[in-house]
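Below you'll find a set of structures to go through.
In the two assemblies presented below, chain A is common to both, partnered first by chain B and then by chain C.
Here is the complex of A and B:
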């Protein structure tokens, strides 16, 4: 399989290389904290109460929304609280979480699945299993897998994203190296669901051991491999599709529109666990790296605190800077008292350093040359800084994938991408405000129209009534005349009778 | 974040270092004047920049450290006659920094090249001092006397080659009877050319602007030479006289006031080159680098708007 490249992006040497990519099994945590708000969709409603005993894999919260996935207990134990706690989100805000204290038994609930005979399972049934097992994109986006699958029934090509282009991150690499059988079987499940003719597993060419171990377990001729040059942003879905298939997904469009389904390799393994092993998603592999410790991977139950995971390593005793997510796309965090979530793929623990302050932008153009989307970051920066959303839209702000290549190369050390996410949020808010204003205006205008209409109707009604009355009066008058006639006739008759009698 | 490559301060310094060869060439032919002008310019730039930044309530040291004021001063000092009186460079630098940069909001916000704005201001305001060029080497003490004590310099000064040609042509003379080359100017231009290539190699500047700039000069010069080679300078003269190489590699490439899109930079550079030839041939001034750069600076927002690169997923 030939592999192409794409313009832009940056080549970054792994800042914290390791000799061996290992996975440490974390011991069962004493306590887990599970946020009800997932990456996408509305907050789930708890279906347990404080004091309830729950089993590992038991659904503890869910939503009506078919787009969302339920939340499972990741250990067995007692629900101790349902309250607001710090969650790993860039806003730093707190959100409602369910806390479970472990009983140390890790007793699993019996879940549904197909077992190894998945080929006899109906496609929709498997997708339902995937949804009920709580599987989302584990690469960092957290997009529910079943929603993607529902859109991609009858796609022709499956892309399994094992590129893991974020420098320093190695949780997917570890997974491919140590669980090749599950990954390949998972791909076969996806092939069965989608009916795709081919599946391409994309790996960066610096992950040779992972590639070799997958290769060894692959006996399916529908599954092939593509080795991509080690360059940051090759893992971005649309860029990956462009590099592998030379298909450009239009702005605002989806891969499914072109008959392509992209899944992260960790999600594929989670699908294997759900469908064949009948186990919902209750754990994940997290890379712990940085210059304050020996980098490693830890397989950990969801909801375990960052602090506890970090304590499993040989971390030194100095003051640290923490960052979650990738070196490029992640966010700096202040506290480690937060739970590991489905999308927590990496934690950086670095010895504290002073941050270089940003200088003025000199429009040097370096950012333009690295933007994989072909945007003009320095122009966007200018307009985002002055909160000119209209201009930002002109420069296609919405197409920015926030890969942070521009921030990385900026000679003035400007964190460009934070300006872009700010501008996007502002745009969203302004659009929502505008919508509200539009609705209010529509309502007001309708009220005016309604009042006018009522007035008109009433005046018309009055006019009609008046007319009717007039007509009636005229008629009455006529009738009155007739009446007078009759009286006259009667009088005449009486008169006549009287005269006759006389 | 994790920075790579050169930072903004280093970029400015690299540009200043790259000027050394051209400055040396000027020193070899005309002596100490240029060195004194540069020192004067840098000193006044630092004082003016610091004073203005403090008035704006910003940290002065950071602003001085970024090297942009120094670079502006050095570029202006190189552009003016090296025997101009001391207040010329001081006034020019003050204008460049205050009106060319700080009033727009400091580094990164100026639409015009500050050094060229200062130069244009000086040329219009003090035409005599700005068109009296040295013709010979002057020793240190001599240069000091000329610059600070307004020592008479008859016999030491004259017009530039481009100026002579312009005057000659306006008197109805034929180019064939004139000198259309100048050894000193050719060497100085060569010095800036080599410095420019160094900047390209260090990736401090991109190739688009210099290449388009020089192409603009070549294309336009060839075009007008076809019309009448008796009254229009040959291409080689355009390239090796006046501020051509300094303009192509050090002035037009100022990222702040240049176009920012790849295609836009080609258009921007080309238009400056064309305009320089037009001004030299038909304008009122013998050289046109400063005016061409300033005029095309004005078109940058328009160029940028119409040359946006293709965005992924959009047709």
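Here is the complex of A and C:
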């Protein structure tokens, strides 16, 4: 049935392999910085003030958008600032953040959940708990889990994504190895919510230990495992579905349309924590890797600075290049004074090297063969470079998942994928601008029409009044009443009233 | 001989009727060139071109009564696009019509507003909400940044607000390529 694969993609061995996948528990940070901007939607509105004491897990910012999740304090302590700070984003722009100074107590707030008796909880109630616990896709995309679940009620197949997003990353592997019980129970919660007949946990075939430990804890015959060949971009939702079930999700479509729900293992563990342990999402596992240190995983509170997390490892004293979010899709960053967010899955710390300059495209066609979506990166490159968005759309730019396979194989070192993200952002901007221009044009034209109409209505009203007056005068004349008589009559009336009043 | 004359006369008549009907039925209303020009103009409706709005300027351009370099909000790019459409030499932006500023909107300091409604009358896109002797405010999404309301305000309570890129509207730069 399933081919277990898809065309394209690249096989990349883990550049920084380790003997044993460990998780280091990070000590409580002294200070956390929590950005209010989430992956989608508007900025959340803070519901605490500077100087307030907050508890771990307390909601500190809310959104009205049902699509978004609230933001929780990840430590207990005092809110010291609500201001603009650097956040891990490719733009390098600052965004509003809430800073909390720890009091060292780590006092938790009492929050709601189902406990281990989740089978007696209503589906919608559990989804609401998941939303209120702030759970988003922890694989890297940050798509809110409750939004996915709301769409996927009555789906038939659940896919649990245990394939590592990128080479070098091992946070999901560590999680499966060290928390198999939570993962399996989490899958059972999802099975209960969605009513799916089967759940498939997808693991790459180089992660035998994770596979074995999950296998030991699995006593549910609805849950099965699939081992996939280790190939990059297997972690992408649509490609994973194609590899496992041989079902293709059309462009612009959702997995839920085909009755499939895909969730990352880390999100599944977070769902377990929220529903059974009644703990909102306040920490995550981050892989720290690169040639400047021994790669490891750190479980860390959200909002801890990169610097502090890196200092937990045996990092050397040389100058470093930092990159967050994986070697393929990640973003190079200048400073480590940034907070860990829900989607920060990996930090690369490499000894400083000079970047290879890009050369001219030699039209070797290699990028076209590795694109897992089947796009033509070479064509897209020319059109993106000349800012021809219309042509880019013809070549299905919007389907690009920015996996950077094309940039990886390019013999000329062209950073193809940054051209595509540029073209996508430009397209979005141009569409928004065009919409604004159209509104302005419509409103200007309507105003012109309105002014004309008012003028016309006014002149018509005046004409009607004149006509009515004329008719009345003509009528009065007919009855023999002259205008002067009427005036005399009115004067007499006034005189009479005056006399009466005296 | 006669037959062919009859056949071709008949054919001419029938085709002529069809063409005549089509000319009436599918007549293009208005001037399509004006629409094309109008779609290039930025629709700020600021009147800096000395016309009452973008559409009147487009009409004047189509008649050849205006220059293509009279629109500061459109910038040099706009002038170039007009030159390409009209198939003429492009001109440098005429500075007499004002400078080309970054996109912005205006906002009302609501504490100072006296409710004179002058801004409401000045706004070319009806982006103001208010009435006589009550506080007035701007619908930011509909403001084109034409600045026509600023000089008419008797208490100077209308200010310009720059639009900075946010995380959601940010456009990355293309990496520079070193050609070897």
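Convention: the second predicted complex is superposed on the first by the 443 of 502 C-alpha atoms of A that agree within 3 Å, B and C clash if a C-alpha of one lies under 4 Å from a C-alpha of the other, contacts with A are read in each partner's own complex, and residues count from 1 in each chain.
Going forward, a residue touches a chain if its C-beta (ideal position, glycine included) is under 8 Å from a C-beta of that chain, and two chains touch if they have at least 3 such contacts.
What you see is a predicted model; the values in this text were computed from it and never measured.
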Which of chain B and chain C A:258 touches, first, second, both or neither: neither
Partner chain in contact with A:415 - chain B first, chain C second, else both or neither: both
Contacts of A:359 with chain B and chain C, given as first, second, both or neither: both
First (chain B), second (chain C), both or neither touched by A:123: neither
Which superposed partner A:278 touches (first chain B, second chain C, both, neither): neither
Touched partner set for A:91, first chain B, second chain C, both or neither: second
Contacts of A:37 with chain B and chain C, given as first, second, both or neither: second
Contacts of A:53 with chain B and chain C, given as first, second, both or neither: neither
Residues of chain A contacting chain B in one complex and chain C in the other: 357, 359-360, 415
List of chain A residues in touch with chain C within their complex: 37, 89-91, 93, 95, 357-360, 384-385, 414-415, 418-419, 421-422, 425-426, 428-429, 432, 436-441, 443-448, 450
Chain A - residues contacting chain B, complex: 10, 12, 15, 238-239, 242, 248-253, 327, 356-357, 359-366, 368, 372-376, 378-379, 395-396, 399, 404, 407-413, 415
Complex interface listing, chain C residues touching chain A: 38, 42-45, 53-55, 124-127, 141-142, 144, 165-167, 169-175, 177-180
Chain B - residues contacting chain A, complex: 1-11, 62, 66, 68, 106-109, 206, 255-256, 258, 260-262, 265, 304, 308-315
